Amino acid sequence: ADLKIGVAEALSGGAAQYGVAIRNGFELAASEINAAGGINGNKIELVVADEQGKKEEAINVFKKLIFQDQVLMVFGPTLSNSAQAADPIAQAAKTVAFGTSNTADGITSIGDYVFRNSVTEADVLPETIKTAVKNAGIKKVAVLYGNDDVFTKSGYDNFKKALDDLKIPVTTTETFAKGDVDFKAQLTKIKASGADAIVLSALLAEGAPIMVQARQLGLNVPIIGGNGMNSVKVFELAKGNSDNLYVGSPWSASNATPENTKFIKAYNEKYKTAPDQFAAQAYDAMYIAAQALKGVKISGNLTADRAAVRDALPNAKWTGATGAFQFRRATDKAGKPAGYDAQQTPIVSVTKGAEFVIAK
Amino acid sequence: MLEQQLVNALSLGCVYALFALGFTLIFGVLGVINLSHGAVFMVGAYAAVQAMARFDLPLWAGLLFAFVFCGLLGLLIDFLVLRPLRARNAPHLIPMIATIGVAIILNNGIQGIFGAENVRFPAGVVSGESLDLAGIHLTALELGIILLSFVLMGVLMVALKRTQLGRALRAIAESPKAAYLLGINVEGLFFLTSFAAAALGGLAGVLIGLYSNAVFPLMGQPMLHKGIAVIILGGMGDIRGAMLGGLFLGFAEVLSVAYIGSTMRDAVAFGLLFLVLLVRPKGLFGSMQERKV
Amino acid sequence: MDALNNFWSVYSNLVLTLGTNALLALSIWLTLSCGMLAMANAAFMGIGAYTSAILTMTYGVPFPVAIAAGMAAPALTAFVIGKPTLRLSGVYLAMATLAFGEVVRIVVLNAESLTGGALGLNGIPPITQWWHVALALVLVLLGLWRLRRSKVGRAFEAIKEDETAAGLMGIDVQAHKMLAFVLGGAIAGLAGVLNAHQTFFIGPNEFGFDRGVDILTMTVLGGINGLTGPVLGGVILTILPEALRAFGDFRLVVNGVILVLIVLFLPKGIWDPARFRQWFGRKGAAA
Amino acid sequence: MSTTPLLQLDGVSRHFGGLKVLQDVNLEVPQGGIFGLIGPNGAGKTTVFNLTTGLLPTTGGTIRFEGRDLAGVKPHEITRGGIARTFQNIRIFKEMSLLENVMVGMHAKLRYGGLGLLASSGLFRSEERRARDRARELLSWVKLDHKADDAADNLSYGDQRKLELARALATEPKLLLLDEPVAGMNSSEKTDLMHEIRNISGRGYTIFMIEHDMRFVMGLCEHIAVLNFGRIIARGGPDQIRNDPQVIEAYLGREEDEATNEGAAA
Amino acid sequence: MSASPLLKVEGLKVSYGHIEAVKGIDFELHEGQITTLVGANGAGKSTTLLALSGLVKKAAGRVVLGGQDLTPLSPHKIVASGMVQVAEGRATLTTLSVRENLELGGYTRRDSRAQRADDLDHIYTLFPRLKERSDGLAGNLSGGEQQMLAIGRALMAKPRVLLLDEPSMGLAPIIVQDIFRTLREINKAGLTVFLVEQNVRQALKIADRAYVIETGKIVLEGDGRELLGNPKVQDAYLGG
């Protein structure tokens, strides 16, 4: 029998940039697995649904996948906000919800059916900052972040904590909003503040123009970015001004492990475009799930099978495009064990001449 | 730093004004709050990106292409959507709702065709040169945007205030029936306006797309929100108002970042808008005239 | 029975959303019926949602109290901002109210300790039951129906058509506008309370410009000449994207096309009694 | 009857920017009867009505109604105090039915309260029924009762004027201001309306009207005031006004062909 | 009577929804004459005029002006062909100045600027009040002043046929005299006038030809003076 797996991602609306890459990652991995004979002879069947990046839609889609399509488990949704709304549905239905792009705090405290392999920035950012400080001799930094978006805001929270922990002084903290096109006011202020580096929590749509405009204003300091900036697209979008950007993540385009090289090549072939971190994490997530499914005896009783998947998943280990992976138990607000977060080692790289170069 | 911030404010203000000109024009004549203007703006950027990337065109040709392409798109929207609504005497909110539908179609259609990811103009289409004077920095593109927005404003203002065509457009704006009685080709001028407004929108899309370096399907939406604020500030349908409204918003935003803090930027900008409306209920240039009893 | 159960487990959220959207559509209908294009309803919904969610989450107050507070808070806000803003007319009012909504959104973003800022509020107890929504909708409909048939409803309509003339009929124009605005705020707040306690999560960006426009679209598309229109508009606009799932990547394009077609062929809204009469009349004449 | 006039304008002026539309206007509209205000186009007649109904503030002087100063009183309060008007450019509620138009006029006279209507359904129903009956009665006064449920928009010009009259009466005014009530009607309709207005006046309403139709004005009004360039230039009975050289010069004209004035003798 | 009419209308029908407001009427205007159409409120006079100008849809019928079939033309072409209307309710452009309103009157003209300026002066001598208010907003004019503006604006188009919908409405007697005198003058200068009036006596007096319309049908037609003496007209429209 086929193994039905739900994929609920934002395929339209503003979050579609990420949702589409994520879906591609899943589909690539699933087709590879199926081509190699499936899991214990069972083929994976993905049921893909668009959740538009809206919480109501995410709930609707989760319900549809779980109750109508009777999937074994659900991947998604794309945004953390949607996960906050939709994951409780999966939890209540005792079905695994596996997020690949939800980085906000507290998602996995929803319950023991909630998993994610997206590395929370809390784990990554201290590494990035440390490496950048060491490499570029940074003494004080300015912070710039998008304050109306969960992804960039929680990135900022983690940056702030890391900076506090590392006792690095902050000259000024500036914000922007989604969709802004002009950042010169903030950058002028940052320049005047005399910072040695800009700590930037932004997605690419704003992050790339920020880099360009900073350089135009003669602000040539290193930029320390979060997950959102970890994409080779930055070389295209900030062409000529993309150097000196530090990013940290388990996945790097220039990480030349065999798994990663294979992934990048396959992705490029299938979708005619370079993968980003979102695609890589989805791709790995599919393999992690496959790994767990291998140990599950499908009984045909959906309730039992779902529970079996849930029990098998925490022990899944996998080395993929994002390197070695295993789960780590998270706790809920009361401190009781809940869902599962990712446990991975970040790689810090810096941009140089349209390439990510791994920085030590 | 202040000088640089003032220059920043000027160029940001002109970016807003550039977007707002076409937006206010279509309201001024057709009386429609065209919520698809942001989408048309985005289509303009895509049209130019595609044309320039595929045929290796220079910037001026890309601008021209976007201008014409979007103008025709505006005509099409008018022909298929707005004109039938006029003929049916639709209540005044209805055309606005229809343009929401148009915006949904364009935004998602472009995304379906070109994908949701950012694209950009071919590198090097604008000169990287810039003006550096006494520590003030201004790129060639910014200078171009500033100049163009002032020129367009001037041209539109003269056209509307001083020519018979302008008088005819204002007549239509007030009462199509009266305009018909005067022998004005009302439908023809509606088409002309739709063309011009959309073409201006397309032009703005290219320039602002170049400016922000990011072209994506939803790039028009935030601009639309700002654009509404701008034309309200200036007084709906008023060309000079669009310019001043844009500058007002640009300065409010930049100065609040510089002196109040960037988290409060939008609160300050919209708070000011709120206050302006309380003092001048029809915007800075809206006519204060009450309907005579 | 099984089929029903299954339907309910798949679509319960959708059905509840229909109800809250219908409430939202009615809330803006109220101000529209008084001739005001006030677009603060998304913000009022947000105020209601946040007020009640904070109350139930941090203070554990009972649901009825949270509902009352979630309606009172936006109503009070409406009252306070109504005084200066309701003098504005047409799109200027729309913009001032949208601007107010932006300010609310930014305040929510910045009042992190209370509202969670951009991260929103998580883990709101899902208290909302289907019958809460149904009851709310029925009560609001009954109330509005009565209002509409009364002198207040006539006054609203008179104000909509000609404020000056309405004033000279002895109608206190400002007071009536305020009444519509405040009641609209309370109804939007109610929708916010129900929504917050249905979806586990609320965030500031849900109550912004787009939501405001959505609410307006539902109402205008449905038809503003009665109570049926907004409810119908809310239902159709909520269901449409679900019904179009088969269209894949282009489903929102189809959605937009349908929106435009409805507007083109039913310019007075889907529910337009005058047109029904006309159809009916014509058929009668033909027979 | 008391000696205080019902409406009294005392040194009233009104400027629009530099334009002095009314200057030192003194007028007294006595209780009962029909009072006429005539004058060339642009003399400021409608402005007098606008000031009286509170739509515009005066630049100077005082307006008293039943001895009470109207300065700063809101239009709706003035209406409730007993002044109703019609408009020169008809302003009916076009999308409402005739009946509803008239019922709007009764707004302040319905006794159920703003939100109390949700609670007390008995009072609500009886009051609504009373309003409906009264509205029909008023429509029948102006002979429009057969169209009671039509949309007002579909009425012809003349009928719209009549509807406005009925709507104004619905506010139960003590003073009824009519701004060119017969504009756009033909002679026989004017004659009809003349009877109507006489009837209304006979029911105890005081009428203050602006009109350019001399047959109508001279036939109805006991007192007439003439406004020219914002000043009162003559006052008196119809005969006095008709023969006043200043009025002839400024307003009536000297055409030998007296039929222009639609036959001064009605 | 001259041989062929300047304007010929045949079988004109107009409906609003399923109400037929004009039910198939025929009439003609002769070059250089004043023709009047009189009738009670709601008889269909304004509707007829609007249909002539193309502002409401003709359900049936033909309109021919000097050999040119106007029936299918759009409103602006009808104006350009020389038939201009002063509509009921005046259609003043309130947000434009008085002068701009007048200038727009000449929108379809293709002659010289100087020629138009001359005509503007002529309008100002016809209506001095307009000259005084020339730079003010038209919306601030008194009712009577707006009527003058509407007539002046129509004359600015140099029409062959002038359609007037109740030009005397709301005007002071002295102005009504002026206007009728002006009408006669411009008519003498060769303009063909079609006059819809409630002021039946006055209209019939100056009209060369008259039609009486009742609920969408023409019930009487004839010489103006002749109809003035017609007892039926006396009874129905001239009052007791």
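Per-chain residue numbering starts at 1, and chain names A, B, C, D and E are given in the order in which the chains are listed.
Rule of thumb we're sticking to: a residue touches a chain if its C-beta (ideal position, glycine included) is under 8 Å from a C-beta of that chain, and two chains touch if they have at least 3 such contacts.
Per UniProt, the chains are B, C = Branched-chain amino acid ABC transporter permease; D, E = ABC transporter ATP-binding protein.
This structure is a prediction, so every number in the text was calculated from the model and none was measured.
Annotation of chain C and chain E: jointly contacted by B, D, touch as defined at the top. Chains making contact with chain A as well as with chain B: C. Taking the mean of the C-alpha atoms as each chain's centre, chain B and chain E sit 42 Å apart.
In whole angstrom, the spacing between the mean C-alpha positions of chain B and chain D is 48.
Separating the CA-averaged centres of chain D and chain E is a span of 29 Å.
With touch defined as above, residues shared between interfaces to two or more other chains in chain E number as follows: 140. Shown for chain D are the residues that touch two or more other chains, namely 46, 55, 87. Among the residues of chain B, those in touch with two or more other chains are 108, 111, 221, 263, 266, 291, 293. Residues 1, 4-5, 8-9, 11-12, 15, 108, 111, 115-118, 120, 123, 128, 130, 137, 139, 208, 211-214, 216-219, 221-223, 253-254, 257-258, 262-263, 265-266 of chain B are the ones that touch chain A when the two sit in their complex. Chain contact summary for the complex, chain B toward chain E: residues 164, 167-168, 170-171, 173-175, 177-178, 180-188, 287, 289, 291-292.
For chain A in complex with chain C, the residues that touch the partner chain are 11-12, 49-50, 52, 55-57, 59-60, 63-64, 67-68, 80-81, 84-85, 88-89, 104-106, 110, 147-150, 152-154, 333. Interface residues of chain A facing chain B in the complex, by the touch rule stated above, are 12-14, 16-17, 19-21, 147, 174-182, 184-186, 188-189, 191-192, 204-206, 208-209, 212, 216-218, 233, 236-240, 273. Looking at the complex, you find that chain B touches chain C at residues 33, 35, 81, 84-85, 88-91, 93-94, 97-98, 100-109, 111-112, 221, 225, 228-229, 232, 236, 263-264, 266-267, 270-271, 273-274, 277-278, 281-283, 286, 291, 293.
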